[in-house]
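Should a chain be cited, it is by its letter among A, B, C and D, assigned in written order, with residues numbered from 1 in that chain.
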């Protein structure tokens, strides 16, 4: 796409809205007609992204009720653009007054002003994390498609590191699959019964003292159709990388074993007697049908105590970013499922 | 772009050619008129990418003479598409006969066949590393633009890890700037006088025994104009990630301190008394004018001894990938320089 | 654009909404930051398109109040997407019940159903003329840009034929410029004091008896910057043609003298001692700075008496289509003004 | 597409080459894998476009041998970009020396120079009709797809007006179908046994005296699949209009009865007891499966005697433009056949 606020080639999401303006929203174009409209998915995903749901995240309280303006009729998609609107209800822009004169370190506030000459300082305007609600909305619509067309497909997101705490390979392999797949039930979506309490304490204390932490988010995808991804510039891994690195505080992207790959001699690496997951489910840029494993690294949240102390921010953004990364993954998948239809014809 | 073989939104490179077909090539569209055509840049970059230039890389010998077919007249660009052709001269496709029946582990051979039903097995066809010559050609044209419009801009690529050898932060900081900026003069583009001999031995032995290694490549960019990058989906970091992850064996992408960021508490991270380079020169998705620091991780080369022993491959792809990553970086930069012209108007 | 509901390459309008769904709307992306937000232009253009303003057009009564949801702050554009919403207020979908079983002749009702398998029969859903409000909204935003960047530019639309009545070349040349430029003041936007009454009678009678007529609309553009249009596939005339032929009942497109050109011998045609307007202000696909003259032909309105007699339709769509064509012209102009910035650089 | 030299959204042709530069060419991306490569189609279409084949067209003699550089293997397409090269062999650029100082009337020579500041004056560079060979090449590849996927589809092009001579509706209806469908056998592709001699004389005389004529070309398409075309901005008629108006001297575009439509009262128009062809095979922007009828009007050829007398030009461009328009039509059709795959999914 040649538009800065649209994502995708066949399944295109256009995001709009400033953090403290009247509304956020998304227009989804390219959704085939006749797909069952499952509004519950939309509500769920918005709810999963919502701040204010636990003590360890921002206390900003947003009802975030989506209004579907077009593209759906009698419970099915029409093949026309689906526009979804979310009003900004809890927008105390006074909290951000200071920003104009004193930009928050690590934030893009000053950068945007320099770029555009005129920018909306209220809550970061469009560089705010609030913008990600448009992605979650788009991803929810993508999930409706996936539910119907690839019912076996499953997108699993969890935190594998929160500040100093991380899941070792060993820890990962000994966690129950249920824990892993239901990360939402854990504090900070970090599925470790053993470390859960430590992580909670870390984040509560961080919140109290204006500290912040980075971390790692894992997105696993199971039941992916083979043959997704286009060779050369639109490899599946390239599109996932673009999708994840387009999210606010993300500074690293890894496929499969990622940085572990680097260290290993090739004949060992390629012959290993295991599930082949070191390739992360993508070879030659194309999905193999095996589990796709993606990882995103986040720098510590930028908003710390003194500058925006009343700003309702998260001590670690990873837990709330997970539904956003899942949404981006869903968008990439649907885009490539539609695209792959043109690979062969006869 | 909605085409799998084109890259860019304003400055668009279309790549074509199979590894053992008649020719490789690129069409570059969006180059403004009147830019000085500096063919030496084109020759240099192709030469830098060329295999067969040292004992530690593939001995495939390609003359790779570019032929400029259009878009240039009397030493200047015309504002029309620039088509550049490189004949495949040294294409011993017999070496690859075995591939059809026995796909190379880690390669995309089987994946492509599954996807398309019909694919070119000769040397990997279009999934071959040979395809990257089109990117280097496109990048060379981008460099001509940069030379004229941003003469102060400098793209610096080097290896910071080759298999088990890596440059520590300390090593990096104590290397002379000259060494760093002239990495081409070192074996494997690994700018360490201290470890150079070790790296050479590692790779010679690997070549002899069919071993292979991964590694890390760094791309630094100095003198970048401020304000490049578009908010939301086309952040500068997202486009770099897509550009690098679209290259063959790349499995990780990092911005600035990258995986180091994850571990640090935010108030320390954001206040550090240093050059601000931990952000990697991009904040809010937009260039700040500071040095941009990008890092790509490579898995070990796939072609090992027994399957394609006569294949003329590299024990570690990192050195040869560096000119390719630099080219991709140049493409991203020119695309965004052209794009940024629309940010403001009056 | 590779999305069916988006128009433009640099200045991109995405249209959404079904005729009798909750709302219509547009998202405009690519508007530079800092442009003065002149809401009066938006109101005017919506008002100009509105049905129910005279006896000769549909009596559907829509207030069509636009709500600006994003992209504007303190009276200036932000460089972010501008989303504008218009609620559907007067949607008596019962009038259209019959359509499902008996498609309206000449309409796309049945065609859409065949294509998508599931479509919205209420008032034609998205194939309704109601959709054009999104274009008028987008065009109004484009006009704000033009007002600031090309204050001398003027888009002049009028009807040159309504059913059997047409302005001859002679009539055109003898009408006062004021009449021509203020066509809105005439019945059916047909600027002929002599024929005005006849046209009114024709349309009133047509309305009473369920008859309908086609016609011709002219769009003239004065004060166009030179050098707009991209060679080969994106010639300015090609983009205008796509823009106009993308409007509902349009079946012909002409540039300059259009069908008159065909009949003339070349040496006469090219040497004529006149204002050069036979070329229509575009040569080699590029604007010359002279007046651009475009013409669109409309087939008779499809909705005639017996099938949808209660449908509130227009006996001739040309008058109401004029603001839509003007809007499309404005979109093309801004797209190419932004694009032309990349033609040269140094 | 956001690139000036690429056409299509799913099936993308990129054109390159200056008239008197080393070569012309096209890269076709989006062709599915496994389509039979029928090189005879490619030769035929290039031959059909070729000047020098009769006394009434330009005597420029071009062998125009295509070289297929990529995308084809063992007689089938690979799903990768197909690059095709045609060397410029008969490029007597001295004939055009005068152009720099004295631009040809009606040509874009001066316009391009003004736009780009630097342009190739040799034979019009890229604004030359020579560029259309890239479109014919792209169209030939599209025809291979159509032959396999829609074997019943037939693209029929002929001239219906050459200067003062035109086929009346009556003449059209009384011509034998064979004549109509084999227009290539007639002088100037004008399928009128009665007027053939007159047309020939007209053109021979025009050639001798440096006169030129415009005319009309008809493109009919039979056996079109239903449901092609995307609503709103990418209606099938809009894409055909863009495709045709993107060709050099075209100044008008008509669908179905075109300018005839304008004059008729709607209840008569829509109820007529005939084959429905007045709609031109497209309703609501979407193909109905009926014959598609398109018409393009050309202004008189610009190159007349005194300025470029030695230039080898055509007294009427219509005959040679017909294969070009057919090629553009084929591109639009394949693009929309591929696109329509996403309309429904389940």
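Everything below uses one rule, namely that a contact is a pair of C-beta atoms (placed from the backbone, for glycine too) under 8 Å apart; a residue touches a chain by one contact, two chains touch by 3 or more.
Bear in mind that the values here come from a model prediction, so they are computed numbers and not experimental data.
Trainee: Chains shared as neighbours by chain C and chain D?
Mentor: Under the touch definition, chain C and chain D have A, B as mutual neighbours.
Trainee: Looking at chain pairs A-D and A-C, which one is connected by more C-beta pairs in contact?
Mentor: Greater number of contacting C-beta pairs: A-C.
Trainee: With centres defined as the mean C-alpha position, give me the chain A-chain C separation in Å.
Mentor: 40
Trainee: How many Å are there between the centre of chain A and the centre of chain D, using C-alpha atoms for each centre?
Mentor: 47
Trainee: Listing for chain C: what residues touch at least two other chains?
Mentor: 1-2, 4-6, 9-10, 15, 30, 33-34, 79-80, 115-117, 126, 231, 343-344
Trainee: Under the stated contact criterion, what part of chain D meets chain B in this complex?
Mentor: 1-6, 9-10, 12, 14-18, 21-25, 27, 29-30, 33-34, 67-71, 73-74, 76-83, 85, 115-120, 125-126
Trainee: If you look only at chain D, which of its residues touch chain C in the complex?
Mentor: The touching residues are 1-2, 4-7, 9-10, 15, 105-109, 111-112, 114-117, 126-127, 131, 161, 163-164, 210-216, 226-227, 230-235, 237-246, 250-259, 261-267, 269-271, 279-280, 283-286, 288, 297-302, 304-305, 340, 343-344.
Trainee: Can you tell me which positions in chain A touch chain D when the two form their complex?
Mentor: Interface residues on chain A, with respect to chain D: 2, 10, 30, 32-35, 79-80, 145, 148-149, 231, 338, 341-346.
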